[in-house]
Each structure stands twice: as structure tokens, then as C-alpha cells.
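A, B, C and D label the chains in the order they appear, each numbered from 1.
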């Protein structure tokens, strides 16, 4: 039974990169390349590559790959990572009072759209509990106030460590995370912001969009960084606002967008299709 | 031969508005209502209506309508205007060096999409001249420098007055208009901004969008007001950016959007489908 | 407390319709018109109108309206109906093995997007039962074989009658309904077909779309008529197929479309925004 | 000065294809791979690849490449072709009476969007002549009747041969081409059909779409094959039909789609981004 892995690389663009990488994989592990995709950022002079390969070679382990590929990677100034498809991925969902994104993610997981374990649901409210129980996901109610935030974050981080969480999905979690929390999970916290970023950052973006009179509303999924709503954008989508839309119907249309852009981001992350650089992303999809 | 007119109204919402308006039209001019459309802005408590009607009554003139409808309009605190469909509309196109919007508008006009005269083309460069001549539109080359702007604007305003221009379309005209110029044509100057406003105001929006890593680029047509890129939005559209897009292909995709949103705005304006209020628009379409 | 009602009309187009209708409502019931919208089908010479109004007049009942409005309606050859907003609407959901549409409808109902009672869920399989129980909707398992279809349909019709069902939603119910069943609920059965109709009627539309190499896949919600996949279309939407899409990802994208077009159809039906004529629909939205 | 070329391959999928191809290019011509992209059709078990490379090797000519790559290609059962980026491409535009696609293509060519010579315009009507003359493209008026079609096609084929035409674009050319004509330019005639194929094949698709009551209209660009409207689809796009659209506005919206899908197809063809197989296309874009 061959194992499948994904190699993700970004580095300064130069001649011979594709050949060097493909040659390494074939000579070292006699791989079968299932998929390979590359892009450039001509403005920044960068090269991006994603290779999905299968190999029967039992020596192809995380540790072996690091020592075998390391020297080449260093020579070519690569940022890179290798992900084995059969490695378990543990996901935590954070939610507050709006449940539409959570319900959507749970249903998609049940339908087999995500390759991961949903390990736990964390909320500062109680209303997601029945849904969590229905889908059989452990639910942790951790209320937050301005005063208790530090202790609550410590409790959250303990939970995440205990369950060896790889990815945190903020499914309309309405609390701000501290820089220390964010730093603990770089490129591993996905948020959905209910506007077409960079328009309408901050609170109440639907109200702001309605007041400005835009003709399309949007939604954005992105990695969380220390600066609110400024992290690398993963996916965006929009819906048309008509003359008949008032704030409530605009918000309802927005919920559909939130579900779509968040679920796509989660799927792409879990399939190792996202490469993040210069506060942007390349999506290999 | 009946004449056709469009009545556009906005006023505080209250009971009985539709009936009062319809009754007036029927009793006064025995109209046939061809189309009537109404909307509310529930946040602001406003009512909007567009009625398109036909009448055989020869007394239904601009002057007569004003004196007949004026008292009712005053009583109900209406902003309103009446537009007769057979009134000639004179349009001026302003352009700089990029000709794709201009070429598109000229071709659409020739194909009969716009009910108007294209009276003149004004440019601070010479390169639109052949296109203007091909379509038989008088071309005025008025170069602008920082120093000459006031005199040039005076010359432009003289031209516009001489041709009794009703609408000015900035088809990628890259000069800033002075407040005095803008004030002379309120809600009668349409611009296209090559971003999804309010994101990426100002210069080089495609570069800014590429640098921010957005997944959709947009374009916006709007009425020009004194504050740059802040006028009432008329139309917006977006296109998907993929991992293969570099700046040049992103700009090319953007040109398609610019053509679409600008041409829709011009058509809607000429068909009296746009009502502007509170720095927003209602589109009756 | 005023009552709100919606009047839907289609009739041959002629002068004076809007005035006649508005005048009747005001004179008879002193209504406040909350919304009125009208359209034409110029090809067929038809006029369509939807008026939403409020009245304090206690005589404005279904029965009274019929006798009061009937003569005018007859004179103008109208098809029409009146719907009171506070009238209870009972909805039955039919589903087979794919649960994504059902889960979506249940979540939207819980979030308040639909003005109706979800009275029961009918399925020829058992797998929707847990979801039904979670949302507290009575679940009826009625397996169907070619031989038992007539008896099962009788049992279904009994259930529907017993619960005074107003609308049947086929949320990926993979059984064909007999003409007699369809006739019992004209314009009151909504189906989702997983293609952009009229392309790819019949079974396995995603497979057919993939084989034909279309660049967009679609989904269609429609009223069910005796001829399979030929009923009046209510809503359609599409998603782009890329070079990376194989059949499974195409089907996954399709599921998102199915949810969207079906939920919009259900909402518009419940808000009395759909007028059906000549095997087409007018959507007042 | 290095030369740039594009290699396009389809063959049965098997292990080692990427490596074999990349290795050949590097060993034979010491290439720099600018871009490489591959896809599979899992249903049919096929592999597709597009490699864009640069080389300084003067021996890398069309003839040399054929003899050097031929044996490997034969061994792996490849269909393949090599295209040198600096090879001149001659394009003929065919048009009838609607000029919107023609005007759009001419303007895009002038703006530098297409890498080709526009060698000639052929029409069965005179109305495109001024546009042709404005853009300086030789215009050939060849009227067609049912009786004269064979002679006219002979004249057309002579013209195409004389100008060494590589690609024929039917920019709303409303005449049917004979099988012999089509056979002379396999995968080298691009047509735009004004519907979302496979819906509404044949004549008057907008009328058919309006009669069926679809909620989106579409447009399709495709390679022409002997069976009308059945060739491999290159690109499709759609626009929303609203309750306000009558046939004329629907046709106007359709014209925008026709321009977009036809211009994208022409650009992709000229950039060797289209691979055609099994009556479908892979777009490397």
C-alpha cells in the first residue's frame, strides 16, 4: 500500500527548480507524481510549487524526508513543508451564538467533505451544545468576559494542546484572540469575516455595507494574524444586493456566503492546498 | 401619439403614498401606467417610487406638471422629478489614454443600447481621435497640466454648456475635477473606478488589490461628488482572481468589468432608473 | 393590529389595471400599500401584479374579499389569489438518502428564514430519522417499490391531508410521483433537479454534464408537473467547473447549488412571491 | 535570446509521465521550465500536461523536436504537439450582420490582448466593412445563397490558404459550414453559440430560453465540428434574467456574454492553453 504525501514549496524563482525537485523525489523515493502544480509571483520574483506523490518506499518518513531534502532546500532558499495524507488532523471549532456556519461544517464533515477529526467545539455560549451533541462532538462551554479572557485563553490552549489540535476554525466566534494565542497557531486559525475585505473591517460590516450602498455584499475567509481582519485571505465570494434588500435580507444572503467561503477554506487547508506568503495565499485548486 | 414620461419620487414613508400618486396621475392626465415600482429604506424610513406612464393629454407638459403636482409633492415632503421620454439627452464622453471603455460605449451606442445623442468627446490626449472620427463624434483635445487646469475646466464647461450636455461620462478620464465643476453637474457625472469600492480607493487600485491578495477583483461605477471615489455607487461587478493571475492578467480582467459596470450605469441613467439619496442609489431595474 | 395580505394577479395587459386594482383596495378596505410590483410579458401580452397591503378593516376576510373583488376580477379576465400573511402554512419535506438539502432546510427554518410549520418529513429510507428527531419534526418512513408505489402514494396523500399540508418540498426525493399525486398539489410541489435545466434532464445529470464537458454546472428548483423536469422553473444557479474538477468534486460543488436554489424557492413560495403562468414563473423579489 | 515553446500532451495515465517528460526536456535542450501544469480525467484514465519552457539551444526546432521526442511519445501512446511562441499566427474573422463580437475582438487585438495577426475579415454582408477598414484589416465580401454555398466555400478556402490562416473565428457568422470545410480546419474553428449549451441548440436560442423561463441565460464558445453546436466546449458564462427582462433586454445581456466567452476562447487558443479530447477540452488557465 503506497503512502501519499504533499510537498509545498516557496522560494526565489530561478532556472531548474521543477527539474531539481522532481528529480529528487524520483531518485530518492521512486515516487509516482499524482499532481504537480506551480505558480509564480512575478512582482516578488517568487516560485510556488505543490507536488502530490505516492511512494512504496518505507523509508519515506517525515524524519527521513527532512534530512534527505533539507540540503537541497537550503541551497535553493526554500520555505517548504511535507504533509502525509494519512496523518490524522484534529480540528477544533469555535463558535458564539450564530450557528449557521457550525451547522454547515458539521453536516459537511458528516457527508465526508473534510478529511479530519472534529475533536471539539468551544463556545462562550450554550446554544451550540445540542448541535454538538447531535453530531457527537465534545462541547466545551467557556464563557468569556473582558476580565476573564486571559484565564479562559489559558484553558482553551490547554484543551487544544490536550487534543493535539492542528487547525482552529472560528465559525462566527465573536471574541478577539490575544496575540499570544494567535502566535501559538500560526497559519492554523481560520476565521470568516462577513464582508468583502479589505472593505468594511471591524464590527457590523453588513450595517456598514448597507449604509454605503454597495451593490454586492461579500464574505471572506482568512488566516488569523495579530492584526484584526488583516491576515492572508483564503477565499471570498459575493452576492448581489437588489433594490428590494433591506438589512435583514442582506444579512441572510450574507450567511450563505459565510458558509461557502469558510467551508472552502477549511477543505483547502485540510487538503494542503494553501501556501501562505507575504500576507497573501496561493491556492492550489 | 401618446407621450411617455417617468416620475421619480423619494419622500418620508407614510400610508397612502401609492394611492395618492396614482390617483393624481389618472385624474389629472388620464394616464396609462406602463410600469410602477416602489421600494423602502426601512432604516431611514424613506419611500421611493418610479412610475412610467403614457398619456394622450396635450396639457401634460413639464411646466404644467410642475404646477399641478407641486402642491401634492410639497404636502408629502417629496423630492421628485419628471422626465419625458422623448426629451433629447446630450451626452459628453471624457477619456484619457485607455480607450477600452470609450470603444465599448461607442459600439453600444451604435447598436442602439443608449437613448441619447453622443454630442462630443473630450480628452487630454490625442489617441481617442481616430475612434471619435470613425463614429462621427466631434472630438476636443484639451490637454491639462496642474497649472492650466482652471482654464481648461472653464473651456470644458463652455463646451458642455454650448452643447446643452445632460450627462458627462468619465470613461477612464484620469484627471481630477474641481468641486466647482462637479457642483455644476450634480448626479450628472458618472465615473468608473477600477476597484470594488470602498476597497482600494485612490490611485493604482489593481496594484493594491494584487498586493493585498484578494480573490475577486471588482469595478464600480458611481456618480461623482466632491470627495473622490465616495459618490453614490450605481453598479459593481467582480471577477475571480486565480493562482495563475499576475498583475497584467488581473488588469485585463478588470477592463472587462469596467466596460460592464460603466455601460450599465449609463444605460440606467438614460432610462431614468436611478434615484440617488443619502449618498446611495436605488436602481429601478 | 392590522392584518397583512398579498394579492397576486395575472391577466391580459390593458390600460388602467394598476389604478383599478389600487382603487378597489383603498375604497373597499382603506388599505395601506406596503409593496406593489408589476411586470409584463410583452410576448404574450400579459400583466402581472403583486400587492402587499395592510388593513385594519375587520371585514377583510378571505370570503369577503372573494365576493368583493370577484366581479372586477371577472371583468378584467384575471387569474388571481389572495394570501393572508398570518394564515398558517404547513410544509412537508420528502427526502431519500442524500441529506444535505434536508439539513440545510431544517437549519434555515430554525434560524427563522421560513414562515411556516414544518409538519412532517417523509422518506423511503431511514437515514433522515435522526435529523428529523433532532429538529423535532415527525418522521414517516414509507419505503417504496415499483409494486407498492400506488399504496404508498395513498398513504402519503392521507398523511398530507391529515396535516393540511400546503407545500411539499422534494429535498432530493428520488422517487417519481404519479400524475394523480401531482394533480392533487398543483404549483404546490417544489423539486430540485441537479442540472441547469433544460440541459441534462433525467437521471445522473452530473455524470452527463461531466461527459459533455460543460464549463459551468447548474442546479434548478421548479414546480413539479406531470412531465418530469419540465415544470415551471423557480430558481437556477451555477458554479464554475475547472480543469481540476473530477466527478466527485463536481458533485460536491453541485450540492452547494442544490441547497441554494431549493431554499430560495421555498422562501419565495412561502412569501407568495411566485406567480406561475404558461409553464414559467414571475418572481416578485 | 532564448526561444519559448509550449508542449501539449494527452495520453493514458501511468506512473512516471511527469518525470519522463521533464527529464527529456532538460537532457535534450537544457530547458528552463516556465510553467507546467497537469490534469487527469479519472473517468477515462487520461493524463494531460502543458509545459511552457525556454531554451537557448539552437537545435530546438520544430523538426528536431519531432525526431527527438517522437520515440518517447510513441512508447507512451501520446497525442502531442509543440508550439513555438514566436511562430506567427494568422487569424481570420468571419462575421454576418451583428457586429458586437467583431468590434470587441478588434478592439482587444488593438489593445494587445491577442498574440496574432488579424489577416482578414470575411462576411456575407457589407456592414462590417467600415469597422474592418478602421482597424486596417482586409475585408472580403462573399455573399452566400443556398445555391452558391459550394463555390463560396471554395473561394473562402482559397483565401484562407493564401493567407496561411491558423485559426478561424466565427464572430456571429450565421452560415452553416460544410463538413468538408470543417474537416480542413480541425480544432481550428471557434464559434460562439448564444445559449448555455447543451440547452437550446439550433436557431433562436434566446427566444427558446425566454419561452422556457430560465432564470439565467448563457453563451458558449466551442470548436466547430461536423455536428452543429456539438463541438468541444471551450468557455461558458451566464447572466441572471430578472422579472423585468423581456426578450430585447435578454438579448442585450446575451451580447455581453457572447463577447466575453468568444474573446476568452480566442485568447486561450492563441496561448496554446486548450487541449481537446473526447469532444471536451482541458483549459490550462
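Everything that follows uses one rule, which is that a residue touches a chain if its C-beta (ideal position, glycine included) is under 8 Å from a C-beta of that chain, and two chains touch if they have at least 3 such contacts.
For clarity, every value in this text was computed on a predicted model and none was experimentally measured.
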{"item": "Graph distance between subunit A and subunit D, where chains that touch are linked", "value": "1"}
{"item": "Taking each chain's C-alpha mean as its centre, the one farthest from subunit C", "value": "D"}
{"item": "Pair joined by more contacting C-beta pairs (B-D or A-B)", "value": "A-B"}
{"item": "Between subunit B and subunit D, centroid-to-centroid distance (C-alpha), Å", "value": "37"}
{"item": "Separation of mean Cα positions, subunit B and subunit A [Å, integer]", "value": "41"}
{"item": "Multi-partner residues of subunit C (at least 2 other chains)", "value": "37, 40, 242, 244, 285"}
{"item": "Pairwise touch network: line, ring, star, complete, or other", "value": "complete"}
{"item": "List of subunit B residues in touch with subunit D within their complex", "value": "99-100, 103-104, 107, 111, 113, 130, 134, 242, 244, 252, 255-256, 260, 285"}
{"item": "Residue numbers on subunit C that touch subunit D, as the complex places them", "value": "37, 39-43, 48, 196-200, 210-216, 218, 232-238, 242-244, 246-247, 278-285"}
{"item": "Subunit D to subunit A touching residues, read off their complex", "value": "15-19, 22-23, 26, 32-33, 35-38, 40, 240"}
